[in-house]
Amino acid sequence: MYKISLDNINSLFAAIAESKELFLPVKKAGQANYANWTEDCEVALDSLKTVKSPKDAFFPQFETLYKVNRKIIPTDASEEEGSETLVETKLRTKLEITPTELKDKDFVVFGMKSCDVKGIEALDKVFLTDPVDNFYKARREHGIIVALACHEPEESCFCTVFGVDPADPSKAKADVATWIVDGELYWKAISEKGEELTKSVASLLSDAADDAADAEISNITNIMTKLPNTKLSLEGWGEGKTDEKFNSEVWNELYKPCLGCGTCTFVCPTCQCYDIKDYSTKDGIQRYRCWDSCMYSDFTLMAGGQNRTSQVQRFRQRFMHKLVYFPDRYGMYSCVGCGRCVDKCPQSLNVVKVIKAFENEKKEAGANV
Amino acid sequence: MQRIGVFVCHCGTNIAATVDVKKVVELVRFEPGVVHAEDYPYMCSEVGQQKIAEAIKEKQLTGVVVCSCSPRMHEATFRNCAEKAGLNPYMVEVANIREHCSWIHKDMEEATKKAVILARAAIAKVNLNTPLQAGESPVVKRALVIGGGIAGIQTAIDIAEAGYKVDIVEKTPSIGGRMSQLDKTFPTLDCSSCILTPKMVEVSTHPNITIHTYSEVDKVSGFVGNFTVDIKKKARSVDLDKCTGCGVCQQKCPMKKVPNEFNRELNTRSAIYTPFAQAVPNVPVIDREHCLMFKTGKCGVCSKVCQAGAVDYEQQDEIITEKYGAIVVATGFDIIKLDKYDEYAYSQSPDVITSLELERIMNAAGPTNGHLERMSDHKPPKNMVFIQCVGSRCADHRGKSYCSKICCMYTAKHAMLIRDKYPDVNVTVFYIDVRTPGKNFDEFYRRAVEQYHVNYIKGQVGKVAPQPDGSLLVQGVDLIDNKQIVMNADMVVLAAAIEPNPDIRKIATMLTASIDTNNFLTEAHAKLRPVESPTAGIFLSGVTQGPKDIPETVSQAGAAAVKVIGLLAKDKLKTNPCTAKCDVMMCNGCSTCANVCPYGAITYEDQEVRGPGVREVRRVAQVNVALCQGCGACTGACPSGAMDLQGFSNRQLISEVDAICR
Amino acid sequence: MQGLIDRLSALLSDGTVARVLGWKKGDMPYNPEPHMFETAESLKDFVYDGFCGANLSKMMIEASKLEGKTAVCLKPCDSYSFNQLIREHRVDRENAYIIGVGCRGKLDIDKARANGIKGIEEVSGTELDGPDSVSFKTIYGDKEMSYSDLLLGRCHVCKGKEHMIYDELWGESKDTADSERFDEVKALEAMSPAERFEFFKKELSKCIRCNACRNVCPACSCRKCAFDNNNFDSQQKANVDSFEEKMFHIIRAFHVAGRCTDCGECSRVCPEGIPLHLFNRKFIKDIDELYGEFQAGKDPEAQSPLTDYTFEDCEPGIVAERSNG
Amino acid sequence: MPMTENGEFRPLIVAFCCNWCSYAGADLAGSSRLSYPADVKIIRVPCSGRVNPMFILRAFERGADGVIICGCHPGDCHYTSGNYFARRRMTLLFSMLDYIGVENGRTRVEWVSAAEGAKFSATMNEFVEKIKSLGENVRLGDLRCKD
Amino acid sequence: MSLTMAEKQAEQIRQISGSDPYKCMKCGKCSASCPSFNEMDIKPHQFVSYVVNDNIEALAESKSLWKCLGCFACVERCPRDVQPGRVVDAARQLVERQRGGDHLHAEDIPALLDDDVPQQLLVSAFRRYRR
């Protein structure tokens, strides 16, 4: 275990940034979001939850996949034959395709909370199983995760429900685990990548006792038990529950306030749906992908219409996907209990309310029997 | 994907001298959808059109772009050509590389580059064009003529003679117009009334013609072939049917101090009056503004003396609504106000008069019974000065920029008539140029100089100053002698500029007819369609289009009539298919579009809407394509983009923007 | 609040209305959600307190298509939106039974969070007839804040306590305005173009294009948004670069210009806290100044300034004149 | 930045001209040989009221440096009222662009009648000069279009 | 292409006066209005055509330059907005600039006072020719 004083933390950032891109919570116009570190940025390590999750680091909201450009070039004499037009021409067109290069430099994501690290695990399930997403894979290979323990969890947090330990990031699949206790940042490398990173900044770190964070860990663990949503039960969800949940009447009531906006999706650390679109530029197109939301009315819109035509279907899809289909397929929930949707939904709907609504349904059904 | 052919016109050297036509052909070949490109010296020629037709057939073209002159010039030509070759005419677009390119740029490289971009934009648009079908609308076989002067009269007679019904709306109590105020006409010197009166009688007795005098157009709606017009018939206070035209009421009317408009206010008339003796209809009106009965409630003399019992003080303004297939504007002119021309002392001396006032003075039925005399002391003048171009050809705010066209000739006429009748009167004409194009016109002017010894001086008058002895001091210049001339005159006659009737602006707005900055109505084409307004179904007759003399007005009136007859002869009209169209899947039914539609073409109805996952009854917009004129105001107002304009769709215009910004 | 619940139950029981559109108790003390109550019994979960900020007008678009009348609880400022929806034929007045509920300003939980209040377990003092301060019981200790310090930004420029449309009223309202409506816009106008550009760039670069502002907006009631259809080729789901955000927000605000009632929902729901009302309010200010004062939703018969004109309207050049002083 | 060989900035200017007055005015400028820079490219629309603010933003997004809308003079609209609506729409749009910090000279509305070929040419010359003085449109363009 | 001296001067006159002599349609209304016509060797309307023809030397030497009263009757009445009075005035300024120096001193004024000449004229002359 190492430590560094928070007073000195900027020199740590500067040292990392010297050789790697550094991605960490930055406050801009009043809101904390992950962004590239610059000397004049306002780092917000004390923010419990950034508005957007750090999944952008591995799966950005927008990325160009490749560019297609049309070039007019002189033709060879041999190719001229059989030209149909009346005009004698010595030119022809050619399409030039330039794929975007894969990430090939190491970068550090600093300050990820355990829930967000767990979110990356969910993304891995999707993007790293066949067919592998090369863009994502390259980023995962080059990304170094420095996780940070939560300090004062809030009432919207319920990560423990999904087996996340917010107090001890060394249990998460990160490369380095850190804690902030009394003005010191405690640092513990977990993986090989983490060890290497530690080496590269070793001169700035000083030794610390291995149990230095233990008090903080038990403090946070204790707080978590007091939070209302951590007592949530996932009974009735998970693998094999499709039939039972899909046809429930509860959805028909629950979805009504839903605006069909994408706030929950875009702040969520595990949502991984994207759309691929073309943007026509001067003399070609850029094919890009961007996050999409299953809450949107034009999600998966095809020539023949879309497969979910009403908001209740879309609403159900999102939560069934997180709590039933994803476990069915990958053996884990696609919710990590970060509570961002609890904070941000404009209509105060969220995954917790959904789970609770089904609990109530069960109770009421039991009462009726 | 379209199969587009691009045809680049040289327009002789008009385009080819500045735009490298071959290079344009070479470059546009690579545009998406283009399968054929060629150039030709004159695309609009028979051979050029033949080339387009052949390519359409041989290459199975689905779209055509012609890079040539303005689409306002030849779009119709090329669309017709395509239609004959079996292609929907609305699959043709024109890239304007002449007016918007070759004619305004000098640098060949730059102009060629721009021509390629303009062609690209047109190609991008054609890629999104869809075949459009013109609809049909019926034609009401009746015409409206606004204005009852010689232009309106001649148009009405010509239309009526072809067998169609015509209504004339005239603002004043009688038809006749300006021509009825004139004494003699140039260059033949025949009496104006003598040639006009038979026409007035003909028009009033023609079975196909209805005359609404003392009436105004109040409201116009509809479109070519199908206008609905509200005509306001002002209360005449005299029953048209009962009145025998005996004239006793006018003699007995105690209120005789009303300025006489017909005589240019040189004398007065009674409150109940017919403007002139030959008025049609010969039925007086009561000028309610001056009538004692209406002002004080005490009089009623006319009613008492009227044997026929025709006077009706209770008569009200009446609105009648009629339907017309075509409307002819023949609202004529007036002379400009001279209050800004202080230097000519028009408002200071009664002996400085306008030429139109001189017409009334010379007229036997005028204020002086045809005797030439000064209005101040009724003495015959000895020296008369005519000043030309008063307010015409004037670049400043006081006058008009154009030449009024008729002044040179009528001044020669006046000078000659005076010298003929009063050989001892000296007549001097100050002129800038003497313009006499026209049959026998210059001979006429030369007669004034050579036979009647009218003193023509090249130069202007700077100042007219009334003298204490009642004479007028005229200070002018003789530019040939380079001398300033100061002379005494007894009368000064000003050739004031003419201007369109001031009512025209209101009327043009009602008709949605374009109007220029001088208030003349704009022609659909200055040379090729001079009697039509760009607004379909609206035709121009007489000075409403531009300054004209009588023979020209009469010929134009006939031309307008022919155009009207051509329109009324059709049973149905093809309508412009470039109309607005509502995508009911997206329409909110919010009524925003209906609020901005100038034609009332958008209505709402509950309609069952079906689409993927949708099947419900919704309130959606409906466009009446017969009423829609394709302005697109609705498309800009529609928040959801449900309303689009065919032929100028959102996607087409955006693709043009994209093509230009490449 | 019990009085309101009793009244709503009575309306349901006597068949005046078939359902009630109101707010349902949340699972936290500050997150009630809009809810459709079908039975008198279900009203036990009905809540109306300082956190019921959501404007229910837009939900009436769908609700007024249902069989029978819907009772809807509208705050004074919501009633403007409802009127505007009537003007646009989007709701059926006949199918609505409007309870004009009193309002003393609505609360913004983020104001409490910004004040260091977290781990909230209980909140009290938010009811309509409650005290001037709000008490928070949190796992990190008890906290208190004054009601006015917790108000949503929009409540500081309250349009007034009058309901523009209602069938019956419940509860007292209070005009909570304590600053000038256009102060924020004026402050921006006073900046240099470069400063303004920087300001908007900073704010708008946070945008995640979640469309919450659009979807919550009662004026954005298009069946298919211009951003979701192909006609304008504007169908972009991502905030790609700086322009994309500006274009989206300019057009969003432009499409509701002359129809926006300044209800402030866009700013309330923005997850990134972007002051989106600054766009809408700029249009309102311009319209007021250039074409005469106009409050959308005040009079459902009034012609919107953008579907109206006069011959004497100012020329677009006025923008440069004003801006260049 | 689009430059000619001599290093002069050549702006990209999109002009929307109504078919009845301004497009005809541009034609007249052409037939009168009243020149204006080739930087101006005209798009024909039936009426200035047809111009959707989206088109203008689109042009800027695509890299236009200036956008001008020409229509019939107030009172002269071929469709009676299209230009009045355009006038209000554009005033508000321009004001918004100014508000977010875009130079206010990049947009303009001018009324040009069919008879005003000289005015059309003069207006375009003036507008091109103005845009040249403002330089390239960096605040509204989409970077992807620069590739 | 470089301009000749005369062309430059003609251009200067156009700039100073702000008037466009090409607009002249040779109607002569300026000369017809001019109170000093008979005193002038080059008449007002000729003045304009001299500028069109770049014949500035003749103008500079003409008497007319000093005979124009500046009453601006021609400016007011010119139907083409050519403003001959301003052209004359511009020519006068051109000449004055070449001569340089002050030609009118305050102390000389009393000697020049003439009961028939309106004092306003002197004041305006003073403004115009003192530099």
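Note that the chains take the letters A, B, C, D and E in the order they are written out, and that residue 1 is the start of every chain.
The working rule: a contact is a pair of C-beta atoms (placed from the backbone, for glycine too) under 8 Å apart; a residue touches a chain by one contact, two chains touch by 3 or more.
Bear in mind the structure is a predicted one, so any value in this text is a computation, not a measurement.
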- Query: Tell me, which chains sit next to both subunit B and subunit E?
  - Reply: none
- Taking a step as a move to a touching chain, how many steps at least join subunit C to subunit E? 2
- Task: With subunit A gone and nothing shifted, sort the other chains into their touching clusters.
- Result: one piece
- Message: Between A-C and A-B, which chain pair shares more contacting C-beta pairs?
- Response: A-C
- Note on the structure: The chain whose mean C-alpha position lies nearest the overall protein Cα centroid is chain D
- Query: Of all the other chains, whose mean CA position lies farthest from subunit E?
  - Reply: A
- Query: Which whole number of Å gives the spacing of the CA centres of subunit A and subunit D?
  - Reply: 44
- What whole-number Å value describes the gap between the mean CA coordinates of subunit B and subunit C? 53
- Message: Using mean CA coordinates as chain centres, what's the gap between subunit B and subunit D in Å?
- Response: 30
- Item | Separation of subunit C from subunit D, taking each centre as the mean of its C-alpha atoms, in whole Å | 36
- Item | Where subunit A touches two or more other chains at once, by residue number | 279, 282
- Can you list the subunit B residues in contact with two or more other chains? 596, 637, 650, 654, 658, 662
- Message: Where in subunit D do residues touch at least two different other chains?
- Response: 52-54, 58, 63, 75, 81, 85, 89, 144-145
- Could you please write down every pair of chains that are in touch? A-B, A-C, A-D, B-C, B-D, B-E, C-D
- Message: For a test of understanding, state which residues of subunit D touch subunit B in their complex under the given definition.
- Response: 12, 14, 19-21, 23-24, 26-31, 33-36, 38, 41-47, 49-55, 58-59, 62-64, 72-73, 75-82, 85-86, 89, 113-116, 121, 145
- Note on the structure: Within their complex, subunit C touches subunit A through residues 26-28, 31-36, 54, 59, 118-121, 138-140, 202-203, 205-206, 208-212, 214-216, 224, 228, 235-240, 268-269, 271-274
- Show which residues of subunit C lie in contact with subunit D when the two form their complex. 188-189, 193-200, 226, 232-234, 240-241, 243-244, 246-247, 250-251, 253-254, 257, 279, 282-283, 286-287, 290-291, 305-311, 313-320, 322-324
- Message: Can you tell me which positions in subunit E touch subunit B when the two form their complex?
- Response: 23, 25-34, 37-38, 43, 45-46, 73-74, 76-81
- Item | Complex contact set, residues of subunit D against subunit A | 63, 144-147
